[in-house]
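Here come two complexes built around subunit A, the first alongside subunit B, the second alongside subunit C.
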Partner chain A sequence: MGKNYWISDKPLVIQEVVDLVTRRNAGAINTFIGTVREFTKGKRTLYLEYEAYKAMAEKKLEEIGHEIKEKWPEAETAIAHRVGRLEITDIAVVIAVSTPHRADSYEASRYAIERIKEIVPIWKKEHWEDGEHWIGDQKETKQGIPAKGDASK
Partner chain B sequence: MNQILFFAGLREQAGEESIELDVNGRSIGELKQTLSSRYAIDKVKESMAAVNEEFVQDEEIIKEGDTIAFIPPVSGG
Partner chain C sequence: MGKNYWISDKPLVIQEVVDLVTRRNAGAINTFIGTVREFTKGKRTLYLEYEAYKAMAEKKLEEIGHEIKEKWPEAETAIAHRVGRLEITDIAVVIAVSTPHRADSYEASRYAIERIKEIVPIWKKEHWEDGEHWIGDQKETKQGIPAKGDASK
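Take a look at the complex of A and B:
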């Protein structure tokens, strides 16, 4: 693999991500696995499509790793995010953080997923039985007016 | 010349993944204005911008050869 942060159009292998942070002085490896959910507030998702600005997304994932290193100097982080068409239960993202003690690994892992949702240029499109919609674009464009599909966000 | 990239809903509105424009010396804010008024790509107004893969503000001045990407609100994870 050669690097700890990547975007892939192939199914993610959890063990590959975990292996990147496995080391002798770790007492904990926390893994977060983000998967495709079928129902959101009662609305059924058929499948998702993820798109990324790959070069920048990988840079931003790495930047999250640097931020984690500043906050938790002993943490090692690896993150993989998938793009393309994903079916229900498929894995969209895998985060692995190893630290000497468990509390830091939980916190750093949570930090990573929250930052992904803020700064990494990746988008998902929900496909429903009655339509499709890019998620993330309704909040700013339709201030105060729920756009079609908002209920399912 | 500058390459301008569009993603997700913005790409669909633009009908293109990328276009080439000479916007050397213009600001990101001015480019947003041009894209929305002349090309009817008004979703750029709600998008963040990146120059050469780094986020920038509207005041950023574009240089020759810069790649500009418009980043609609993200939804990864």
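Take a look at the complex of A and C:
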């Protein structure tokens, strides 16, 4: 099961993640693709750098897969997260969840991204036009105040 | 906008659909991939045939895109639906919706698949081990009773 959850410094390929969950008894595959957005609250991002504690991050991704299996026993999940320098529109994370019926695929996929933001040790350094800042990838910050998981340096 | 919505008799390529909605101001892309499932209520499907009234089906897919734009003005949507003979695990439909933030991408994507099942004139012929039957792609049937949109022949 571990091969379904990985951290990579190479560009992520959506099809590879989807292939891992495609199977004869699934009629639905939901994917979530997180990409680097140029503007956040009016601030322009030039590029991002992601860093992860790789072994722990992969373990946590797999743990999320186990949580999904408990809640949606028929679901199969794969998650890949990229690290390193990412340009605008580059893919930071791909989640794929297959289930027999579609409602479960949406719910389990949504659960996965929320849990990634909660428990996976990945940080991003935002390079803005006017400076840079390390924040947790993690819970979206409000009013510029880093949320839980913050790793400002 | 029309080029984002199409019916094809060729295998669908997920990346091509995703590319149409990838853009600098999106941080989230949700995709829904509908695949041919082997078992439905204990009955084994050998393969499926999809037929569409192509011009009308593409028009209806585009209409769904407009509905999404009204509800989620920052969303970009692309939808491809396949017709012809599909084997188990083949992709019947790919929806991709990009939005600045993730919650909207899930909601709009879910909206799209539900609307496809409601308004798009596509029918499938199920080839089971013990026979065949035309049904609407569309609202899942209950207890073997074809739902609205049924086109049994």
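The rule is simple: the second predicted complex is superposed on the first by the 133 of 153 C-alpha atoms of A that agree within 3 Å, B and C clash if a C-alpha of one lies under 4 Å from a C-alpha of the other, contacts with A are read in each partner's own complex, and residues count from 1 in each chain.
Criterion: a residue touches a chain if its C-beta (ideal position, glycine included) is under 8 Å from a C-beta of that chain, and two chains touch if they have at least 3 such contacts.
Keep in mind the model is a prediction, meaning the values are calculated, not measured.
In the overlay built on the shared chain, the residue A:Gln15 is in contact with subunit C alone; subunit B does not reach it. When both complexes are overlaid on chain A, the residue A:Gly34 reaches subunit B and subunit C alike.
Look at A:Ile113: by the touch rule set out above, it reaches both subunit B and subunit C. When both complexes are overlaid on chain A, the residue A:Pro100 reaches subunit C alone and has no touch with subunit B.
Contacts of A:Arg23 after superposition: subunit C is touched, whereas subunit B is not reached. In the superposition on chain A, contact of A:Thr89 is made with subunit C only, not with subunit B. Within subunit A, the residues touching subunit B in one complex and subunit C in the other are 34, 113, 140.
Taken together, the subunit A residues at the contact with subunit B in this complex read 34, 50-53, 55-57, 59, 81, 92-93, 113, 116-125, 134-137, 139-141.
In the complex of the two chains, the subunit C residues touching subunit A come out as 14-15, 18, 22-39, 88-89, 98, 100-102, 105-106, 109-110, 113, 140. Across the complex, subunit B meets subunit A through its residues 5, 7-9, 11-12, 43, 46, 50, 53-55, 69, 71-77.
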